[in-house]
Amino acid sequence: MFIPIFFLSSLLLSSSYALVQDFCVADLSAPFGPAGYSCKKPATVTVDDFVFSGLAASGNISNLIKAAVTPAFDAQFPGVNGLGISLARLDFAIGGVIPMHTHPGASEVLIVIQGSITAGFIDSANKVYFKTLNKGDVMVFPQGLLHFQVNVEKFPALAFASFSSANPGLQILDFALFGNDLPSELIEDTTFLDDAQVKKLKAILGGTG
Amino acid sequence: MFIPIFFLSSLLLSSSYALVQDFCVADLSAPFGPAGYSCKKPATVTVDDFVFSGLAASGNISNLIKAAVTPAFDAQFPGVNGLGISLARLDFAIGGVIPMHTHPGASEVLIVIQGSITAGFIDSANKVYFKTLNKGDVMVFPQGLLHFQVNVEKFPALAFASFSSANPGLQILDFALFGNDLPSELIEDTTFLDDAQVKKLKAILGGTG
Amino acid sequence: MFIPIFFLSSLLLSSSYALVQDFCVADLSAPFGPAGYSCKKPATVTVDDFVFSGLAASGNISNLIKAAVTPAFDAQFPGVNGLGISLARLDFAIGGVIPMHTHPGASEVLIVIQGSITAGFIDSANKVYFKTLNKGDVMVFPQGLLHFQVNVEKFPALAFASFSSANPGLQILDFALFGNDLPSELIEDTTFLDDAQVKKLKAILGGTG
Amino acid sequence: MFIPIFFLSSLLLSSSYALVQDFCVADLSAPFGPAGYSCKKPATVTVDDFVFSGLAASGNISNLIKAAVTPAFDAQFPGVNGLGISLARLDFAIGGVIPMHTHPGASEVLIVIQGSITAGFIDSANKVYFKTLNKGDVMVFPQGLLHFQVNVEKFPALAFASFSSANPGLQILDFALFGNDLPSELIEDTTFLDDAQVKKLKAILGGTG
Amino acid sequence: MFIPIFFLSSLLLSSSYALVQDFCVADLSAPFGPAGYSCKKPATVTVDDFVFSGLAASGNISNLIKAAVTPAFDAQFPGVNGLGISLARLDFAIGGVIPMHTHPGASEVLIVIQGSITAGFIDSANKVYFKTLNKGDVMVFPQGLLHFQVNVEKFPALAFASFSSANPGLQILDFALFGNDLPSELIEDTTFLDDAQVKKLKAILGGTG
Amino acid sequence: MFIPIFFLSSLLLSSSYALVQDFCVADLSAPFGPAGYSCKKPATVTVDDFVFSGLAASGNISNLIKAAVTPAFDAQFPGVNGLGISLARLDFAIGGVIPMHTHPGASEVLIVIQGSITAGFIDSANKVYFKTLNKGDVMVFPQGLLHFQVNVEKFPALAFASFSSANPGLQILDFALFGNDLPSELIEDTTFLDDAQVKKLKAILGGTG
């Protein structure tokens, strides 16, 4: 029996498939708005838009903090645009530290793949929650709260973090305070830190003013 | 008494009315993002942007499934863009079937206008919910779950479906599995269907690989 | 070959199926919150929670407005709770009127099933959009804007409305102004209506003060 | 000790800072969508995008209603685009009235800075909530409901209103009904107002039809 | 003419008004969930649930920071629960400081009512935005970013802040770091602050460990 | 100098810290609603509510599919409730298969930790996206679309998946169709599968009807 399948599919549904928005791969060169980047035309989307290999290798941890954060946010991994999820790779040398920071736009879940990590966060009531996480352990950091991860063990460590947004943001406390031109007097007035401390950290982190 | 009303209205509020966004009629030719299409300029919007007549006539049901889905999603009915709602018309000949499918982006409410329809869905715990719906009956299908509608009566049937999104998407199981180039081996490995069954349906639905 | 399927399913996934929240059928007797009603225990949910027959019959249109609105919101149809969608049936005798009103919490899409309806809305820039809709025509009314439907033809009419919320709310202008104890002076000061007009409508609609 | 800080910062994170979307200052000349306006390029954003001085002075209250609303919505204050918040200044002469109105897209919180204001709203069940607010008092008006503010005291009054959206919309009942070309017959049929009343207010508010 | 108005209203709509959820005044003693507190029964809600007088008086500024934050969040002002908006009063003596802090769950708009305030925030790219705001000036602080307000003038100052959530949270940097039992070593490792500095501030702010 | 810090903190802010909702650890025994479970009282929350060790060990892969999914959704890991994120561990023996399935309520990002996985999804336009992912590769699966993962290599594989919801749901196609009491005739009518195929799979997967 001849089955006119083209006939079936064209009649069952309108043919405007090109407009279906199951996803919205970011077109980083187009306008963007509060909900994210504009979408690539569906006809030009391929599987490679949904796959990202940039987390396969360790970030460079030969630095002051002996650690590295490698993001797979929408700017690096356009396939997650609009989908409310993204990732990052965290590499720690011995003694490595991801300094105190917040993600203004997302909660984070971290899973330890190798080594051990001491991680914690502080809530709005100033209560501290921290624990040493071993391989396979998971910890969640609620949105917008100060948190940190340090490797206090004798081995390197590796973890992956997931975020509840394609664009979680990342505000590292020391860079925010000491890595820009915020006048020292304003820093001191609003943090109660001593002038010498502020100037010492500005010297390290490139701050002026 | 002369009442300077233009004076009143210009003073009461700023005059930037053109920028008010009570609605966002889709400009299908402009960039679109995760939240939907760009908006037509308000000054060019007319009542006809908010009215759609494409559901007035039956879809063509002279096909394999003896049924037709006629969508009024944002691509067909630009007035619903951004408003979190859309519609579709479902026509059934005797024996008509809307095959097992999901809407990845919306819940659905269906109302039977004429005839009777047996409709059902399956939840994540694999529990089945199905019932024969008569004229005037309403059934809700929660977002993303497999569901179906069939006309098992001796009369044609008509229903309208509403969706909780202007762009609910529609993934019909058989088209998804057998109407493309997904390799038969992958289908078989991931669905446990027999090779002969997969190839038979690929032949009907135009699949390759 | 014996296939230990119970073994398969218990190992493939944790057994805590009872907690999966594909849906949230309203338990109207339990606490409710900003996102809707508490959910019935999944184990007690049946297909009848997802089916509603209350729209099958016409509302009583032997009244002043010669029309009736029959809602299938979460309070009447608990299966839509949390799913962002609901329905209502609109019946019109000849000359029937759904008076000027708003839905504070949802956009609406209306489809005409029988007869003709003149429907319209007014936007924040005071621009009016109205049109006579015939059988099968659809019109969308953006969230929160004043709108109305009247039957100006020589035949009864029937329409169904869908809403982008399980709890759209409904504020009918005349009931809001004249059907309660809002002091006439406050009404007059804030609407510029004449005292006689206010008192006449209060008498009709049961208002005091 | 030389501290290679540029090295630190470039290794710690990818350098694609320009794409971080902590905020989305509106580019009013670019396309806009359901979630708001397109964002200015981050490199061009300055502190002045986040500061607005347009609420410093009283609106002109030498008008019919002896009151003025001065908005700081996204169209006036592009820095709030996408942030879910905006403001307005409300000035009242003695006897000043902000007429019955709704915000289709936001809830409002009002704080009295000077004088006293009688404010109220009406809910979907037609229940009225109103009270005289003194200096420092706050009142909240839930989204989409009819509300009003009047100055019934012997002194001018000043208040600020905040909204739960950058684009709350504003539909003033009298302008919506009588300040456009909505046919008088339709107004009368859907509001039960008398023809003379409708025509009187149309004459005042510039309506035709 | 006798008009059976009770008849009208009972037929026009179902009578289940008590279940309409135009608002959700918090019942602070009932369970709460991710979207906020449970709602008080509508029948028990009065206008006083929507009015709050706790911002009328200055907070006590006879303290170390010579400033006070008085919140009108959902816990203090149950009427805003679920409405996506809240307020706070900021009082500043001469030299008063609202120390560096974040709101994890909301953007903020601040309006200066009296005096002048120097306010600023820092974004994820470490760029600083700060300015002196005079009476009537407004500034917006995007969600989750570090910000501060100081009174550097010779006069007291007063401002009101609005938030895009009924529960914005408030994490004050110094309390988060030095006002709890977070071990000094962890603080030092993750902030690069000197041990002496950490211990000095812990002594002031009550920290241990 | 004596510094009355308790005085400072009590005056700076209201003391109702216990009500701050930075997070909402699920109380699985309390009512739950559309936005998730009720929250544990903040005073009883400890760091252990935010840490989960259930993903540290492999699931049992001695089963038909030679693979295991171990979820860390809100029902297993109450700390993620309300935070829009969750995780799962995927273990694959040689030849292991995560069968064709959807997550009705979330997008997924998968990262390969060990071995190689061939993964793919199908969109609403029936276009297939699949690729072999190696160690460190990431792939995103948009919400609600059919997808699968198989291990076609000669080594076991391990991956972690993150979801954009604390309760993503999981509908496995074969369990949904063949692991319950959905009548075979309805399955056949709505999937076009042969009766023999349906009955063969029902026998394997425990279906009846």
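First chain written, first letter: the chains are A, B, C, D, E and F, and each begins at residue 1.
Convention: a residue touches a chain if its C-beta (ideal position, glycine included) is under 8 Å from a C-beta of that chain, and two chains touch if they have at least 3 such contacts.
By chain, with names taken from UniProt: A, B, C, D, E, F = Germin-like protein.
Here the structure is a predicted model, which is why all the values come from computation and not from measurement.
The interface formed by B-D recurs in A-D: of the pairs listed in A-D, B-C or B-F, only this one shares over half of its residue-numbered contact pairs with it. Just to note, of E-F and C-D, the chains joined by more C-beta pairs in contact are C-D.
At the subunit B (Germin-like protein)-subunit C (Germin-like protein) interface, residue numbers used by both copies make up over half of all numbers present, so the two copies contact each other through mostly the same positions. A straight line joining the Cα centres of subunit D (Germin-like protein) and subunit E (Germin-like protein) is 20 Å long. Taking the mean of the C-alpha atoms as each chain's centre, subunit C (Germin-like protein) and subunit E (Germin-like protein) sit 34 Å apart. Centroid to centroid, with C-alpha atoms defining each point, subunit B (Germin-like protein) and subunit E (Germin-like protein) lie 41 Å apart. Among the residues of subunit E (Germin-like protein), those touching two or more other chains are numbered 20, 22, 31-36, 83, 104-105, 120, 123-124, 130, 142-145, 169-170, 172, 175, 179, 204. A list of each chain pair in contact follows: A-B, A-D, A-E, A-F, B-C, B-D, B-F, C-D, C-E, C-F, D-E, E-F. Contact residues of subunit C (Germin-like protein) toward subunit F (Germin-like protein) in the complex are 3-9, 11-14, 16, 19-22, 24, 27, 30-39, 81-83. Contact residues on subunit B (Germin-like protein) toward subunit F (Germin-like protein) in their complex (touch as defined above): 97-100, 102-105, 118, 120, 122-124, 126-128, 130, 142-146, 148, 150, 169-177, 179-182, 186, 189-194, 197, 200-201, 204. Here subunit B (Germin-like protein) touches subunit A (Germin-like protein) in the complex through residues 28, 31-36, 59-65, 67-71, 74-76, 104-105, 167, 169-170, 172, 175, 179, 203-206, going by the rule given at the top. By the touch rule above, subunit B (Germin-like protein) contacts subunit C (Germin-like protein) in their complex via residues 17-18, 20, 22-23, 42, 46-48, 50-53, 55-57, 72, 77, 79-80, 83-87, 106-109, 111, 113, 120-121, 123-125, 129-131, 133-145, 160, 162-164.
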